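Next come two complexes, and both contain subunit A; in the first it sits with subunit B, in the second with subunit C.
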Partner chain A sequence: MSAPAIGRWPGLVGLLAFGGLLELLPRAGLVPAGYLPPSSRIARALADQARRAEFWTALGDTVRTWLTGLAIAVAAGLVCGIVIGSVPALRTATASTVEFLRPIPSVALIPLAVLLYGTGIRATLVLVVYAAFWQVLVQVLHGVGDVDPVARDTALSYRLGRWARVRYLVWPTALPYALTGVRLATSVALVLAVTGELVIGTPGLGREIAVAQGSGAVPAMYALVVVTGLLGVAANLVTRAAERRVLAWHPSVRSEVPA
Partner chain B sequence: MRRQLAALVSFSLTLTGAAACGSSGTPSKPSPGQPDKVAGAVIAIVDVAPVYLGKQKGFFSQRNIDLSLSTSQGGAAIVPAVLNGQVQIGFSNVTSLLLAASKGLPVKMVCNGVASTGVPDKDYSGVVVKAGSPVRTAADLAGKTVAVNTLKNIGDTTVRASVRKAGGDPKAVKFVELAFPDMPAALQAGRVDAIWVVEPFLTAAKAGGGRVVAANYVDTAPNLTVATYFTSAQLAKSNPDLVKRFTEAMTESLRYADAHPDEVRQVLGTYTQIAADVAAKLTLPKWPTDINRQSVQTLADLAVGDGLMDRAPDLSALLP
Partner chain C sequence: MTAAVRRTAAMLGLPAVLVAVWWFASSGSTDVYRPPLSRILVAFRETWFGRRLLDDVAPSLARLAVGYAVALAVGVGLGLVLGSSRPLRALTEPVLEFLRAIPPPVLVPIVMLVAGIGDLMKVLVIVSGCLWPVLLNTVEGVRAVDETLADTCRVYRVGGALRLRHLVLRAASPQIVTGARQALSIGIILMVISEMFAASSGLGFTVVQFQRGFAIPEMWSGVLLLGLLGVVLSLGFRVVEARVLGWYHGLRAAQRGSR
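On to the complex of A and B.
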């Protein structure tokens, strides 16, 4: 990270080596090529997918479910986090409930989501929002709790109003935490979007993976898995860049700039 | 996993009984001049090619039906969707529908779905063993482990029927549950002694050196009806005209598909990911226009005999 220009090359080399290994293992007959096709075969299947209209529709569906769920979770997490975190009584009252609900794996709610919303896109959305919400909420709660007591007392003695305290005191303190929460929530939301499509069968890449599997189209299945992986990489790059931009003033980011 | 959740959904539907079905089952009333919207839930397999082909050919729009199709992983997930009115028409194998009906769920078959070819060497379903396996006939499956996609369903009952017919002990066959796509690999690795597969995995298993020892659908009944399209008893009663038009369109689709195998192989590429070279080679099932009622009775008897259900449901209420 401290030297991105150099730091990226070993990563790329590692990726190429991994691709090369995947090419060699099936070709050498160490794994059956029927079940783990060489990477060149997967790349060809990926090119075939790119020519199918259904693929782009599925990609759009996945991205839409993912980003919609993420947006709802982030908005709800920010608001709930700031409100709960700012009122000590609320925080005490909800602490045990949050700690009880948070560890419930979202996938455990699949039967409930299907009962409530059937096999439509909303069922998957429930899973995405549930999983992503806690990531944001917990981070924001920590952030709000981290407000410097001296700064808080100063703000109080200068008689800053409730809104001004949120804007100039709580928000800058909680922002780095919240962005970490958003970054975590982004990848969790993608995982759950694909899981929901795969298991419930809502439209998207996950369902295409299931269809490819059900059609015995092994290279196409791997190609679609690669696409979901690329989505995750893209999401991570975007959130990291956004973090650096939004928190350009913050010591955690400034210290990354080489002296 | 999806099967379990489908089981849970159907269980809760049973609990809520009429209440769950009372609120639903009717498609939105169209405005005058607009076609009736019908949502259908099918499985992305070779069996349902006629409905996609019929939609493409306009057999449904000609009858004022605007058909939208969605795919689910299995018949067990489709039954609840039809009963709670999310979709109006579903596709499911006969045994699943018999089981649903025996639990008191108000399902109603509307027309034939897919049938066995009835030719032992040329059916789209079969029990496959590894090249060097000592199993020569279905009778030799006694004492062996056979993989089926769903336990206590059409797979194990029809494989037992094959074993029984060949003179083996059907009770001695051990069944394990595996997804079709995983079966050829499991057979190669020796994790199971035999697999029951349908196309395109039958072609894949044979290409991997497998040998077909039983045509379980052929052994069960002549021209076995394997799956049908169905709706809820609610909709069948409240909108018989719509169901009648759907049945007519579907019948035309089945007849067309049966007569035009090349177009069937073409349409496979639009809703499955079956590779074109595989689609060109695989054995297609038969799509007769009528349900073989005698074979439905046979499947019901087998399900009772194998302990899948206590007694057969009222077939006259289930059949169209």
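On to the complex of A and C.
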């Protein structure tokens, strides 16, 4: 990913410069400190948060909503994708419905979710699952459609059964696509989990941010935003590493020159 | 002729069945939260075809359009600069990865702090969310400019604006379009969210008002409208994409055919 020839440290320099800029802008009075506290204040607020039990509960709640929703969406997306993708009649019948339902922004469901499920975790889960499901489904559909015709004919002439075809033909072809879908779904699920907490008030980091905003605790608000960003970065790193590991056998990964 | 009929039937079949199921399953519904579809449709006509179209729908869409346009311009501009300078890219990569990983809705409280709750806030929120996918995809696209083409440009001394327009922007355009597509769905989410927070007009605001006031059929009609909006915008995007990237899709198809 990063340019190997330059090494790791320019990025670190960039991060430090960014932190330094955030420190200097408010200190020099270019930006009012009420809008943007210096980064040292944000860091202190972060340390304060880390000592609060409520913060860790909120973090746990967010992660739980996020991963539960993601797991449901991935399981449903994989099963639906493989079933729909392997039956041409189903595929043509559902294509327009999928195309129609997919772009519906899942925040449109917020009022419905609140009405039907209140402000508990289930309301937010609905948003997370709805948003993440399509990412996985569409990628798996692409993947299943990408099966090599020669390989399929070979499998058929060797009389591989339906299950064996799914296991040895469809699954390996669709796996790279599915993992891309999972990666996209992971970040979308985080966005919707935090959104649900922020707007609906489901327990979690998003609600903590809303509370900090309501009470005018600006540095704490920034600190919590930083935490959500770190969660996002962690999700990116984990899904990319998992992709490389799971697909170590795949030509596209094998041919990559090791950095 | 028959093929066209069959295609239309496949396209409209399942949606028609689903709508019919919804219509008849809900027709006798006395559940306050799940009103009959017929009532929702009546509410849809009464609610949205009138002054609300001007008072709520138009301002929302205008803010989305302005925010999206600014994010595109800034994202592509910055992306061109960062993409063509290797040291700059190494310096900024971790910072950008972090900023991108922050779930965009948590920026709403921060932007509210700076810009209040007016139109400016909503536009800024949309810009701050849509910017990252455009920027990072542009950087990737500019980075991957074909070496041979770049060398050819150098040999023929094609430089400046000519090079920018015909080599760099052209080569990066598939990636830029990908980024723009991601940005559009984020933009719709942020348009709704920013209005749910603090507004006196707009789609998100109105829908939440309906939910709080237990105007259930009206709320359902708002959810429908938001969904339709998502679908229409994504269709519109596809039309624009087909025009802008027609050369690219043709090239890909030709390459695939000759292989």
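We adopt the following convention: the second predicted complex is superposed on the first by the 248 of 259 C-alpha atoms of A that agree within 3 Å, B and C clash if a C-alpha of one lies under 4 Å from a C-alpha of the other, contacts with A are read in each partner's own complex, and residues count from 1 in each chain.
As a working rule, a residue touches a chain if its C-beta (ideal position, glycine included) is under 8 Å from a C-beta of that chain, and two chains touch if they have at least 3 such contacts.
The shown structure was predicted, so the numbers you read here are calculated from the model rather than taken from an experiment.
Peer 1: Regarding the shared-chain residue A:236, is it in contact with subunit B (first), subunit C (second), both, or neither?
Peer 2: Only subunit C; A:236 stays clear of subunit B.
Peer 1: May I ask you to decide whether A:12 touches subunit B, subunit C, both, or neither, giving the answer as first, second, both or neither?
Peer 2: Only subunit C is touched by A:12; subunit B is not.
Peer 1: Between subunit B (first) and subunit C (second), which, if any, makes contact with A:220: first, second, both or neither?
Peer 2: Once the two structures are laid over each other on A, A:220 reaches subunit B alone.
Peer 1: Of the two partner chains, subunit B (first) and subunit C (second), which one does A:187 touch, if any: first, second, both, or neither?
Peer 2: second
Peer 1: Just subunit B (first), just subunit C (second), both, or neither: which does A:147 touch?
Peer 2: So A:147 meets neither subunit B nor subunit C here.
Peer 1: Could you say whether A:211 touches subunit B, subunit C, both of them, or neither, answering first, second, both or neither?
Peer 2: First partner only, subunit B.
Peer 1: Residues of subunit A touched by subunit B versus by subunit C: which partner has the larger set?
Peer 2: Here the partner covering more residues of subunit A is C.
Peer 1: Answer with first, second, both or neither: which of subunit B and subunit C does A:123 touch in the superposed model?
Peer 2: A:123 contacts neither subunit B nor subunit C.
Peer 1: Examine A:179 and indicate which partner it touches, taking first as subunit B and second as subunit C; both and neither are also allowed.
Peer 2: Neither partner.
Peer 1: On the A-aligned overlay, A:103 touches which partner chain: subunit B = first, subunit C = second, or both, or neither?
Peer 2: Touch partner of A:103: subunit C, not subunit B.
Peer 1: Both subunit B and subunit C touch subunit A; at which residues?
Peer 2: Of subunit A, residues 34-35, 110-111, 114-115, 199, 210, 212-213, 221 contact subunit B in one complex and subunit C in the other.
Peer 1: Enumerate the contact residues on subunit C facing subunit A in the complex.
Peer 2: Of all residues in subunit C, those touching subunit A are 10-15, 18, 33, 86-87, 89-95, 97-110, 112-114, 185, 188-189, 192-193, 196-197, 204, 207-208, 210-211, 216, 219-220, 222-223, 226-227, 229-231, 233-234.
Peer 1: What residues of subunit A sit close enough to touch subunit B in their complex?
Peer 2: For this pair, the touching residues of subunit A are 32, 34-35, 54, 110-111, 114-115, 118-120, 199-201, 203, 207-208, 210-217, 220-221.
Peer 1: Help me check something: in the complex, which residues belonging to subunit B touch subunit A?
Peer 2: Where subunit B meets subunit A, its residues are 1-2, 4-5, 8-9, 12, 41, 43-45, 70-73, 77, 81, 84, 86, 179-181, 184-185, 188, 200-201, 204, 208, 270-275, 278.
Peer 1: Flag every residue of subunit A that touches subunit C in the complex, lowest number first.
Peer 2: Its residues touching subunit C are 2-3, 6, 10-15, 17-18, 34-36, 92-97, 100, 102-112, 114-116, 187, 190-191, 194-195, 198-199, 206, 209-210, 212-213, 218, 221-222, 224-225, 228-233, 235-236.
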